[in-house]
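Please see the structure below; I have some questions.
Which chain is which? They are A, B, C and D, in the order written, and residues in each are numbered from 1.
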């Protein structure tokens, strides 16, 4: 283990700052044939609901410039099956990597329910913490989603916090005017930290069939295309909350990409879509960050947020065009 | 002129659906050496303020995957110099293409002021309409911008509407939870239509210098990377307001990209960043759409919004991941 | 016999050579490490090690044949990604993820009948080669349909010799029998003791599945297609509806691409 | 003489040939249409007609020389885009936008002195060639500095013959005089009737500009660099602060890249 890579995010210490993002590494076992998951800093499970979900009708993915859109629909086996069928394997292979269980529900009440399940099974599951995926449809207000509605967001986070003493990271949606109020709310509700970004609303039209490519019409954009968006929000959050543990996500495919997030203010990062194209992306990123830290005789902890030392949030994002 | 390409957006008829986007074609004359601007459907000027603006300190641009971020800062010559120095050339070359004057201000009051100037000079300028750029910093509330604050947005649009009888298109920012309420507000305030999307907040970190690349920290993301985002909002707006004239913008580089926007619900489209890489992009897109319409024996007017005929907004954007 | 599952992994290999075999269609050849093995019906996710200008994700390709110590992939340029891959020159470093998915189960049978539509021919040369080796006396038949003569892939003598009989069809009759493979098989669906294998466009497979059901034929194995992002079971993109839910869907990349016709909802 | 402004346009040309001339440095050669013309100090935006996997925007390159009916660009791989362009093979279709920008004004002068830092050498062979043709008796000098001998570009006999004197410097002394060009010029800044031209890294130009000011030398022309998105005056990216505002900034692509040292704020 490389001491230079060890990072602490609130109550969780990761052996390195590279985590497998939710929904892009399944329940773990699929990746074991490519590299040992235990070499990761952490592993985030596919989003779990109390009840299993079939997910959306296909097509569920479409390729875009430097990215893809997906409308998987949070298909998952449900909590019971996860604990019974997936956890034994996952626990065996995750080793020194810390496991975060990613949870969600169809309404704030369901967040409370799934959190309670995690809390009562925490020993069996052996998870280090919870990541709360608030990018679920807002049943109350069609069209938008829980992560974009401050009231529903607060209710969901509060429900989770009240049910468990595990470290809680709230995964923020970029589909808002500003993530700062959402992060502030998460902090007020006692969350340990935040992770961002989830996918950006996107759509592709099939010009032959003359209708949206995805079965549900639209989906979430991910991949290198969204890297600057995730870096922006990471930087903005770190500026607003210098002590808030942040897991940076969005378009990370190389150690350079990861370093952008770390310098912008993330304490650790997650890799998603890149792992589809290159299953070894995480391993290469860990190696690259290790080399960088040795060459510059520095540590990830030291690099985290370094882009703020010049203190230039100045007019951040306001004067474009 | 190809009759199949003629489109009508509210009170304005364009000879074809391809417009030059604001800030990416300067004041027109720079492009005349590449192709005749008069062959375009329309031309949107760089954003104009009453007073000239120097813009932001460099670096002002950085390249990203399939795109770029910019922090130009709406540098512009100001209204007087525009009318005196730029209009004569522009008027001479714009020909059958319809000119839209893009305007903005530092506060809602300034929107009213610039609109009044346009109104009084409308004959001299010879513009067919106004595009209102609301992506300006919200002086009242730092960090966000006028286009992301419904009150300021409403005040700006109202000011413009009250000062001019010209067709008014409000250019929406994608940096909001939902563009629908902003479009609804624009309609209530008497706007003729909307154009979208402006750039998406983004940032790049220079990993050598360990600070943001752009002089202002962050900027606006444009180019193919954001195409799915623009198509998504275009589709959503057309579903919400079937009769609203929409100018689709964001990442359009080929006639196929343009067609995605038209099918999603745009009545015409604008090309921005792509023209930097390929100054002839607009010409190629017009030719491509012409071929497509002839081959399929259809018209752009007929294609606009065709992706809705299957009527599948279903769960639009809500179930991703 | 039931195939031994080979070790799945990520390989970086130079594109060894390519060869055009029909309009928009070519072989891609690679020299795999000696210990690498794969089974007919399995596939690989192919991408270039250097990022591609047009295709961000990899593309799935059935293992087309294993001969002369090489892996062959039969590529047809349909959309953006395949058209681009077809332009690659030998020497280009490519990433191969695989072998992936469930192969064809090779049961003993007096007759093995493969029905292929267009690029659906891809998995069958390799399947025939294995069956020929394992079940010398068995009769192996190929029914292969294409749009027209241009897109028709002319088999080499060695390839022809893998089959006891090859019947060719084109929609426009420009080569072989005019019409679809499914129509061409008219009265043969009823024949007993036939092991059926199919691969091709969804409409063709649907029609064939209907015929097989009509004639109460069971255990036919079809290799299907669906959009894939990962190819190895993590993204949940590649779902196909099951005949008897629950579960409502199966992942085609891990519970396919080979499926028994009775198991999925056509 | 004052240069005739050539017709600016968009050209799609195959990369004719390339040649390595130093570490990470090569010539890119193109065969322009016969009527195309450009002037020393002007530049072109170069990109590939097919989208690039790594560089979305074009990159600006000074016209390096015009000889044997070819346009030459001197390319040094620094970052993402230039490293990628350097990997392109002859035949690759490229898009050239230009000629762009304000060229060097070639005033009559007994001595023309060019100071180049690294790839800042790029515009000077062509400038010297034109001056040599227009002002045969004039003395043309080149002061050229590099990091080390590896990156040093060895001039050919023909190229050397364009100059009456070439003085070479390297930071590490591995070739020519040790140290910077600016230091190396120590006592020569004061010389009268010298037309000065400079191109190189910002710190070097800043130091040189300071010297020239110290010695009250006027009219020196430096070719500068700034990040560019379009290269032809529409995006407003390439601003450099003016010495005497207003306006506060100038666009380097249209009011440059060649600027008189007194006109910009160093």
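Heads up, the rule we're going with is that contacts are C-beta pairs under 8 Å (C-beta built on N, C-alpha and C of every residue); 3 or more make two chains touch, one makes a residue touch a chain.
Owing to the predicted nature of the structure, the values given are computational and were not obtained by experimental measurement.
Any chain bridging chain A and chain B, meaning touching each of them, is missing here; the list is empty.
Hopping across touching chains, the smallest step count from chain B to chain C is 2. In terms of the distance between Cα centroids, chain B is separated most widely from C.
Work out the mean CA point of chain A and of chain D, and you get 47 Å between them.
Mean C-alpha position of chain C lies 56 Å from that of chain D. One finds 36 Å separating the Cα centroids of chain A and chain C. Counting only residues that touch two or more partner chains, chain B has 23, 55, 64-67, 70, 72, 223-224.
Under the stated contact rule, the graph of chain-to-chain touches is a ring, a single cycle where every chain has exactly two partners. All chain pairs that touch, listed by label, are A-B, A-C, B-D, C-D. The residues of chain C lying in touch with chain D in their complex are 50-54.
The touching residues of chain B, counted against chain A in their complex, run 22-23, 47, 55-56, 64-67, 69-74, 133, 135-138, 142-145, 148-149, 175-178, 180, 198-205, 207, 210-212, 216-221, 223-229, 231-233, 235-236, 251, 256, 259-260, 263-264, 303, 306-307, 309-310, 312-321. Per the touch definition, chain A reaches chain C in the complex via residues 23-26, 30-31, 33-34, 46, 52, 54-55, 58-68, 70, 72, 75, 223-224, 273, 275-280. Contact residues on chain C toward chain A in their complex (touch as defined above): 7-10, 47, 55-58, 80-81, 95, 97, 226-240, 247-249, 254.
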